[in-house]
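Next come two complexes, and both contain chain A; in the first it sits with chain B, in the second with chain C.
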Partner chain A sequence: MLNYIVRRVFQSVVVLLIVGLVAFSMFRFVGDPIDNMLGQERTQADIERLRTQLGLDQPFPVQYWRFLENAAQGNFGVSYRQGRPVAEIIGERAPATLELAAVSGLFAIALGIVLGVFTAIRRDGWASNLIMTGSLIGVSLPTFLIGILLIYLFSVELDLLPSFGRGEVVDVGGWSTGFLTVSGLKALVLPAVTLGLYQMTLIMRLVRAEMLEVLRQDYISFARARGLSERVVNFRHALKNTLVPVITVIGLQFGSIIAFAIITETVFQWPGVGLLFINAIQFVDIPVMAAYLMLISVMFVGINLVVDLLYVAIDPRLRGEGNTA
Partner chain B sequence: MKGARTAPDRQDPIALLRVRVAWQSDLAWAFRHSPLAVVSFVVVALLVSGAVFAPLIAPHDPFDPATLNLMNGFTAPGTPNAFTGESFLLGTDDQGRDVLSTILYGMRISLLVGFSAVLLAMAIGVTLGLISGYRGGWTETVIMRVADVQLTFPAILVAMLIFGIAKGFTPVEYRDQIAIWVLILAIGLSDWVQFARVVRGATLVEAKKEYVQAAQLIGRSGAAVMIRHILPNVLSPVLVIATISLALAIIAEATLSFLGVGAPPTQPSLGTLIRIGQGFLFSGEWWILFFPACTLLALALSVNLLGDWLRDALNPKLR
Partner chain C sequence: MSAILDIADLTVEFPTRREILVAVDRASLTVSPGEIHGLVGESGAGKSTIGAAIMALLERPGRITGGTIRLRNEIISGLDRVAMRRLRGCEISMIFQDPLTSLNPLFTIREQLTETIKAHLGVTDAEARERSLDLLARVGIPEPGTRLDQYPHQFSGGMRQRVVIALALCSEPGVIIADEPTTALDVSIQAQILDLIRELANERQVGVILITHDMGVIADTTDRVTVMHRGKVVETGATRLVLGKPSHPYTKSLIAAVPRPDAKLHRFPLVSHDGRATEFRIDDLARNWNRTRAEAGKPLFEIRGLAKRFLQRRSFIPSRRKYLVAVDSVSFDILQGEVFGIVGESGSGKSTVARMIAGLSRADGGTILYDGKPVTGSGSIAWYRRQIQMVFQDPYSSLNPLMRVDAIVAEPALHHGLLSGKALRRRVDELLEHVGLGAAAGLKYPHEFSGGQRQRISIARALATQPKFLICDEPTSALDVSIQAQILNILMDLRERLNLTMLFISHDLPVVRQMCDRVAVMRNGRMVEIQDAEALFAAPREEYTRSLLSLMPRLDWLAREGIEGQIEG
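What follows is the complex of A and B.
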């Protein structure tokens, strides 16, 4: 087991080193950093001085190591477009994305489990069929069209909810939150639904499939035979046993929510990290792109590592056989 | 490919017989008896031929400024324009471009990117899958590790990152010209893993069979065994994945273009058109957005349904 953990951690570190190399190469080979920093009036002496100062005269591995050191300390340089440290910009934008991701995640989990249980218990009812057909359409619609559709319905036609931005935000100890104002909460609804809809259908279908599987088991029949009420059988006995795979998927989907937030944030002009990244690609703002690349990789690799290790912790069959895992 | 499933071994010179054999094959039978597949196929065929023959059937050339009249801007579908009296089936956008024509031309870009990206992904994936399944050893370990790592990131994110990196490496003056190719590269590279995994799995099974051993015994080279003997036998799952990937690639292209990191405004794809149309949603010109969006949906949905049907038809066990 220790062998497996060590190998898994080693693998993750290698992946991060490679991603770091890609990010570093963007810095090193896209355009000339000296050109970007010095203005029109520069002398050869200026260039030489800055070159030594930035360490660009050092060999490639040394430069790469320095880049990694800086990245580990959260120092990604200065945005070409905004002229401010990247870490500062991302720090400002992060609350918007994290709040959006949290709300849409909660929406997806809550509604997904409720609808999944419902469609499993009332398997052949018309409502279940309606929900299942609707979920198929929901899966095949691209995220950005769902967003536009919701804007059209709730902002243009009904004029109930705002179509862009975060509304009013309150600053709580450096964290700007939209949870405390009415306009902030209203602004969250449409983006959160757009972002969470796909994950919601995913969780719903998974819960339904697992429930149907569990409801066939002997211990459910036995529980019914003992005269337990439907509610106790369905929720205490069946639902509890479906949750392990559901929790795994929820964990893995958290990364997707952050990734798909890029699309949702663009549709709703939500001032988060995803919108920042898209703008960075459009204007080839290398430091921002590199920082986002590193951050998202750390997150994805981290989530996967944790999920894999949790598997080992939960499932005794995986322990001991380091070479088969 | 000669009809691999049912065509008789003797070479029959009569083309008509071949058609009949193809018509009577299992696949054709399954197709004729699935109304959903027929409808999807007709929709795809109509849209693809609309795109291919766009220069012939489009009422206007949306990229020829000489034929544009700004006075025609914002003409509603089917109603004559107040100034010029001209009428457009699906209306016009802000610059007086006929929406029907921009859709037909936009589909060309969408389909070009979709098909090319899938072909690229297929070429990379099938090659690496064959090699890792047949050679094994550390080659397999490296290829499959890379695949695992890439699979942990969503494909659309990988495509965005590749697009951003490639854009960074290209000089500014070429960026718009090669945007389409970068897009193909980005989507293709983000999507090869599925092919590699499936082909590797199938190759592992095939490589143990007697016909492969026979080919090895008579001294055929490794490349010949992989390409001439194993490849034809692992193609049917590849076909299924390719169809489903096509739908995903079309949607990925539309998403990237919609986000403004895809097809440039000079070569608008369906996604770019939807991006343009979104700007007019609030002022009531719904048709600029609505018709491209419907076209995209019809295209992606019918390709997807076709892929689903193909998967079931080629794999009787799933039925």
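What follows is the complex of A and C.
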């Protein structure tokens, strides 16, 4: 088991190095940051000085190595645009994105599984048909359109929920949270639903398909033939088997929730890292972009590691080796 | 003794959009305590539907439309869901066919046993655990204390079926329905499981309905038997009587199609009861066949020291890698024009040998000489592949469902560039005619055919390149007896009239006896014994062969009507 984790962590580090390399080599094509940083009255000497100061005159591998060296110590450099340490900027913005992602992820998983199981058990009922048809809308509408529709309905017409921002936040040990105030919670609702709707319908459809497959298995018939109640058969025997493949997809989707947050954050003016990234691209703020991409890939890799461990926890067949009698 | 289960005039219908399908048509049977009642018939006969109807587990839209099912004189057909659930697993239990899929892989044996015991007996955890231990010990699982907390994948197939039986016994049922309980198991394990069922029936006075298509199991295990055909009961009575002196023509034809371990038949009599037999036009086929003169007694294959191992544990360090030796230095010859059989239990390596000879998997050691030329090693073996073809076990997964039948049959000839255009079309049409399907079959897709018809398509495909050598890997083990008889007859025709040499792999000893000239017995990757078939069955040299032979069902008392004229020797 320990062996397995060590191997997975090692693989994760390799993945991160490759992501970093790819990201870094792409920055060479985004444009020259010096252009944006210096005004119209720059001299060639100014340009050279800044270039040397920022290390941009070094060859590419040296730049990458220096970045890795600093990143390993938690130092992601100084933002070209804001002139503050990148770590500090991201530290301010990350809680917003993480809270949004967590809430919409939970919303997607909980509702997706419940609806998926429901539509699988009542396969031919009118309610499940309605849900299945409705879910097509969730899958086919683009995120920004859903966001705008929700804003129009709940903010403009009904005036129930705020249309932008995080509301009031409370600072808890350097982490600014919106969970503790009413306005903060209200502000979370629309962005979370917008961000999670697509994932929710996807998880629901997947759970339904898997569940229908599992319900056809012999061990389900055998459980029924042993006189176990429908509740035990559906929610104990069938659901656990359904979750094995579903977890993989949930893991991948959770990563993309964070990545997709860019669009939602733009629509709702949510002060998270996605918005930060968009601004950074506009300004060719390489340290911020690099730190953001590394952060996202750390999350992806971390989530997938967790998923693999969950897999082993749920499915005994993946534990140990060679123990057949 | 009064019957514990009494089924009278049971009718089960499956309404479909176009018509009402009558799966069971006024079937009656009774089971007494302690009795094993066999329910035999070919696929589609409705025998499993009766089992499901008793349990009220019919798949939708099936429903009981007539007749009654009584348990201890009380009508249980038509009970509501809750009442039925109390009976299930409590008064009536069921054992499923495949022990590998009938246990939930994510729960321990203990969890599955105790939840069932608690559902029916309402006892505490400790009592349920106690009872679980007793049950595991009773069904013959060693060290029940440690086994209890293991997961299903840690048990072998036979052990899992014992666990399934323990689950069926959780609350002392009066009736057990066993639906093909040993079909997925090896012969030796099959014998043990059947013995266990027999013992339990006696000891606990349980009435058992044993549903199977295997006449050998019926003959060896059951007290009484009911023969079903197309939803109707055709004959019922004491097993000795029904199988020894059958009165219905269908029973007679079914018994005549059973391969006998005690007599080799020239051909199986195709006493077709309902016109299911399809002709096979060997004469037409033989006329156009490019025959090479076979020199009898000269080896076609010389196989020396053939070996195969599979990696079980990977590791960077070679010495830490663990291998499973599937085939361990096997040597034999296959003579021209003979049918060479390999028998053995699952895991003995017989299919691996076939795959290596077919060139589907690379040998890790040893040589294969075909007609004096090596086919192992690095050189191209396209010339060799052109001369060999294979017929696989499962007629469902061995035909690509998205390809039309004419394309399937044409593919080998096309691949080897032997024929094209009109000539190829003609060859395909002829082959489909010859195997008895008709040229029009080429326009259909595989799912439109039954298992036996699909196996005919496989044979047509194998014959498309006019091969010299045919590998048959369990070609009939997925088929009904009467269809099996047809396919075996076809293979015998091919061998006799086309001079085909064959490698015939099977775990079914009576079938091997009917088909093969010489037989090799494999066990754990080694060849235990190679002998002429007659000598092997009459006087086996090795202890293992003897024990295998002793597990064959004794069928010498079965009716011989219809096969007398075919017995050889």
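As a convention for this text, the second predicted complex is superposed on the first by the 235 of 325 C-alpha atoms of A that agree within 3 Å, B and C clash if a C-alpha of one lies under 4 Å from a C-alpha of the other, contacts with A are read in each partner's own complex, and residues count from 1 in each chain.
Criterion: a residue touches a chain if its C-beta (ideal position, glycine included) is under 8 Å from a C-beta of that chain, and two chains touch if they have at least 3 such contacts.
Worth saying up front: this structure is predicted, and the values here are computed from it rather than measured.
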I'd like to know which partner A:22 touches here: chain B for first, chain C for second, both or neither. first
With both structures superposed, pick whichever of chain B and chain C touches the larger number of chain A residues. B
Return first, second, both or neither, reflecting whether A:229 touches chain B, chain C, both chains, or no partner chain. second
Under the stated touch criterion, which partner chain does A:262 make contact with: chain B (first), chain C (second), both, or neither? first
Contacts of A:140 with chain B and chain C, given as first, second, both or neither: first
Touch check for A:43: first (chain B), second (chain C), both, or neither? neither
Both partners, chain B and chain C, contact chain A at residues none
For chain C, which residues are in contact with chain A within the complex? 55, 57, 85-90, 93-94, 96-98, 101-108, 115-116, 119-120, 147, 151, 153-156, 159, 164, 167-168, 170, 312-313, 322
Which residues of chain A touch chain B once you look at their complex with the stated criterion? 11, 15, 22, 26, 29-31, 140-145, 148, 151-152, 156, 163, 255-256, 259-260, 262-263, 266-267, 277-278, 280-282, 284, 286, 289, 293, 296-297, 300-301, 304
Help me check something: in the complex, which residues belonging to chain A touch chain C? 217-219, 221-229, 232, 236-237, 240-241, 244, 314-317, 321-325
In the complex, go through chain B and note every residue touching chain A. 145, 149, 152-154, 156-157, 160-161, 163-165, 167-169, 251, 254-255, 258-261, 274, 278, 281-282, 286, 289, 293, 296-297, 300-301, 304
